[in-house]
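To keep things simple, chains are lettered A, B, C, D and E as they appear, and every chain counts its residues starting from 1.
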Amino acid sequence: MDKFITGIQNGYEVFIKGVQNIFEGFITWIIRIYESFYNALIPDQRYMAYLDGLKVTLLISFMAILLGIAIGVVVAILKVASSNYKIKWLTRICNIYINIIRGTPLMVQLLIIYNLIFNSRNTNELVIGAVCFGINSGAYVAEIIRAGIESIDKGQMEAGRSLGFNYIKTMRLIILPQAVKNILPALGNEFIVLIKETSVAGVIAVTDLTKAAQYVGSRTWDILPPLIIAALCYLVIVMGLSRLLSVFERRLSKGDRH
Amino acid sequence: MDKFITGIQNGYEVFIKGVQNIFEGFITWIIRIYESFYNALIPDQRYMAYLDGLKVTLLISFMAILLGIAIGVVVAILKVASSNYKIKWLTRICNIYINIIRGTPLMVQLLIIYNLIFNSRNTNELVIGAVCFGINSGAYVAEIIRAGIESIDKGQMEAGRSLGFNYIKTMRLIILPQAVKNILPALGNEFIVLIKETSVAGVIAVTDLTKAAQYVGSRTWDILPPLIIAALCYLVIVMGLSRLLSVFERRLSKGDRH
Amino acid sequence: MIVTKNLKKAFGDHMVLKGIDETIEKGEKVVVIGPSGSGKSTFLRCLNLLEVPTEGEIWFEDINITDSKENINLIRRKMGMVFQQFNLFPHLSVKQNITLAPVKLGIMTKEEADRKAMELLKRIGLTEKADAYPNQLSGGQKQRIAIIRSLAMNPDVMLFDEPTSALDPEMVGEVLDLMVQLAEEGMTMVVVTHEMQFAKKVGTRVLFMDEGKIVEQNTPDQFFDNPTHPRLKEFLSKVL
Amino acid sequence: MIVTKNLKKAFGDHMVLKGIDETIEKGEKVVVIGPSGSGKSTFLRCLNLLEVPTEGEIWFEDINITDSKENINLIRRKMGMVFQQFNLFPHLSVKQNITLAPVKLGIMTKEEADRKAMELLKRIGLTEKADAYPNQLSGGQKQRIAIIRSLAMNPDVMLFDEPTSALDPEMVGEVLDLMVQLAEEGMTMVVVTHEMQFAKKVGTRVLFMDEGKIVEQNTPDQFFDNPTHPRLKEFLSKVL
Amino acid sequence: GTKEKNEKLIVGTEAGFAPYEYMEGDEVVGVDMDIAKAIAESMGKELEIKNMDFDGALLAVQNGTVDFVAAGVSVNEERKKVMDFSVDYVDSVEVVVVNKDNPAVADVEDLDDKVIGVQQGNIADFWVEDNVNAKEIKRYTKFAQAAEDLKNGRIDCIVMDQFPAEELVAANQELAILDGILFEDKYAIAVKKGNKELLDEINSVIEQLKEDGKIEEFYANHTSKN
């Protein structure tokens, strides 16, 4: 009987010890993780590196989408008009641009555009990034606009023409105002895509969020925490913008109902 | 009169000289370009670098799409089924995976997955790349499959159920066989996207086509020609595959008509 | 055969069926008419639980099918349904469309099902289309195939939701003819339709739905000649 | 007023109109019927060049409109067109839908167009919908607005392509009523429709199209009572 | 480590650093690679080369993805905390490369307020950060891109090792090395912290190579080519 009790006591002690060990292990682990992230954020004001990188990421994306819209609108108009008026060579040029951009990796484009175009020490890295990504984005924006126009029921064009409007006026007064409701959300989406894609900007010596995180990692010799911090930044921004976008989209489609 | 003739003669000579200069300049330029590309391709069997890089690019893309399909099918089934049977936490887990992958840049994911998973020294670089890109692709494939299923008119599900089939049988016998026709081309497209995206694989010690081109450039100190060669390789492959895909797609939709 | 008790259905806040008590006897041909959005389709789709009622009960052959313990898949086999948009399976040939359910549900062998399918196809004069695919058929042919697809399961009742509304006018006749035949053979039928001639000819009872309620019902003669409810009078004045 | 000479139209290899010679006089109400795919819509759409004919000529008010020197945009102002799917402009209010063309084409001032729009809306009893948007309207309301949108341009002829086919049965009447009114006021009309009652009531001539040709035409009485072409006989037997 | 019973010996490097390591066809070669081969040979193992970014290679050795890094790694205190170093096998000299026709930097002492190109994680990156008041430090993963940018005037100078710098100016007439030395340091091979067994092996091989004059030979092999 005594033996039995001792047995239980022993078992109990072993159990408690086990729990303690696990608990202590867990605490140590938490502390290590905490330290890792602390190191990745606080010393040398490292958080500033992320903030600066984030600023670069956002600014480049924003300027790139603006440039992309400019290029995309021109290309889309040229393409639609040249196919309507049967100017083959112009259609072909537009298609070549679109196909090259969509047929090669962004990273390769980036390196080529960067090395081909920029020759001055004083060009701001934001401008460099914006131009490279903008040229890329233009092709996608052109396709977004084309798709937006084509999504409008062709009965609308017919109704406009049958009232006596010419092609251009029908486009301007009837098709485009409707197409914009499809195009705007898609452009918002393209902006979100750009934010993610600018993460390769590091190859052209632009210090965006990703590159900043890598840099912090090469300083702390602990690469994961900065990367996870960067990933969280991206996630918050991308999901936040997505949510905003869907609210905006709902507004737009509600606008239909007034 | 003589003066006039001399004038003409002089003018003629100047003109010829100008033409010669332009012509010579053009020739020199052509020769320089030729030399650049020659250097980027031939010495030290550099073309082998591109070929090997291309092989790595294609192999990684191919293995990644296979893994992506495996993950995507599982996630899509879990998501559709869990939302049908109202298992909220499972839906949520699937959504978290999809949102994280789609909400962060591929490049950051790549670095995190690589540093998180691959602590063993013996993993082949192809495996590393395939796993990293496969995990990324899985989220997109899952959405492709979901969209493929949702694209089937809901009348089909209703017709199946009203004949007495249960949910799973209707899926298997009626919805999925039709959905596959939408899913296959989209998967082909995802494969093409992967080929382009693997160009960032260089950051994780994989020597793909882009990285190979960069190192040829490091050797010749002439960055552009190798990049342009790589871009052409991508372009040919991407456009070739796209064309194949659209032929395949036409076949599939012809299949509808038998 | 079918009894609904205080049947209600809401989509979100929107009350579409506001309490329907109705009994449909074996052999009846009930025609449901009413303005767009009045809930006709929803009512029909509740009968075989394609829409799950928010409240109330539905009894079919003395089984409470709204009871979650009942296996609705077994019950649906006894209730054929025909849709406005046909809903043939585009990836299967005509014959496969007809035999899929009997075979895969283990009710017939492949041979039995094939024989039955050819019999039904012969009846509607489309045997030569057995190996055709749905998109090689005209609308009228599609809808007739859809009807015999349901018949292949030997249902006790057939539900029709505007079976001729998606058809070219020339094709309406052939589908209605088939439905008349079915009626004459004694099939129990519930038909939502805008074809008043059909209602007059084969209906044993006509229901008028408005805003989620059945506001009037009668034999076709009485219904069309002596409508009482003002909404029905207005409706008939517009449609006839 | 409208004359077609050997009008042919092919889509790729597919010959849809196989040579149509037809003369439509001012004040006529021509009704076009025929089976699905026979080319009725294509014929109508050729009349205002929404489809460009492959061969042949179309004369409108003594102008050869198939002549590329003519400005088709000016000619279309004189030809109203009403579509099966209404094709209202969803981003504009009802009033804006009506006034857009007169104002932007410089035919009326904003005030004149507004006055005209309200007049037309009053005529169809929809003044209170002036500031509504198309998707707040029922199908019948949409189609009537589409008709007066065309009328606002004071056209010399109105083309209708199955104007009631996309409507709920209850709404068909209100649209046909408006068309009857127009006919009574003397508008020249070409109407593709499946509404035989309308054809009988207001048509001055009925054309039967089959496989890209007009195979029979007559006054409504003769047309419906004494059809001669076998295809027409078959068609009428199915539809009436 | 008793568990290490692998047939393969994996070396991490960044093949944009001739003559230490560079691509020849699809192969990575160079002085460091010759040393690595000698180490593998003496251990009787097969050598596998992983070509990655420089900072990536230093991280890889810490988490064990590679056995050692031979990539012209300079020894410094910060790195010593997180990895172990072999005896040094070369004294390296860091120099400044500028545009020859249009030198934006006149003297090695004159780096303040300049746009300086370095390789990310390289010793020059740390040194410049700590010792110079640069206008901007541009961190590249590949020297070739830095050289291209220098040629095009996007940066004022590159701080890098003398030997690769000589390769660089030999291939690019537009560039020149400034007279004078910026700082000196020593290259060694890095292994995972605590991997004494491997470290001893490497040390003995390096000592042997030094004794036999092999390292000079390696240099000669890889520098005479251009």
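Heads up, the rule we're going with is that a contact is a pair of C-beta atoms (placed from the backbone, for glycine too) under 8 Å apart; a residue touches a chain by one contact, two chains touch by 3 or more.
Remember, predicted model here, so these are calculated numbers, not experimental data.
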Set of chains adjacent to chain B and to chain D: A, C
Intersection of contact partners for chain A and chain C: B, D
Residue-number overlap at the chain A/chain B interface, same or different (half cut): same
Contact-richer chain pair (by C-beta pairs counted) among A-E and B-E: B-E
Rounded Å distance, chain C centre to chain E centre (Cα mean): 80
Inter-chain centre distance, chain B versus chain C - centres from mean C-alpha coordinates, in Å: 50
Intercentroid distance (Cα basis), chain D paired with chain C, Å: 36
Whole-Å separation of chain centres (CA-atom averages), chain A against chain B: 17
Set of chain A residues in contact with two or more other chains: 111, 115, 214, 223
Where chain E touches two or more other chains at once, by residue number: 59, 145, 148
Residue list for chain D, restricted to those that touch at least two other chains: none
Chains grouped in pairs wherever the two touch, ordered by label: A-B, A-D, A-E, B-C, B-E, C-D
In the complex with chain C, residue positions of chain D that touch it: 35-36, 168-170, 173, 194, 235, 238-239
Contacting residues of chain D [partner chain A, same complex]: 48, 50, 73-74, 76-77, 79-81, 83, 85, 87-91, 100-101, 104-105, 133, 135-136, 149-150, 153
Residues of chain B defined as touching chain A within the complex: 99-100, 102-109, 111-112, 115-116, 196-200, 210, 213-214, 223-224, 227-228, 230-231, 234-235, 238-239, 242
In the complex with chain C, residue positions of chain B that touch it: 153, 155-156, 158-159, 161-166, 169, 173-174, 177-178, 181, 256-258
List of chain A residues in touch with chain E within their complex: 111, 115, 118-121, 123, 202-205, 207, 211, 214-215, 217-218, 221, 223
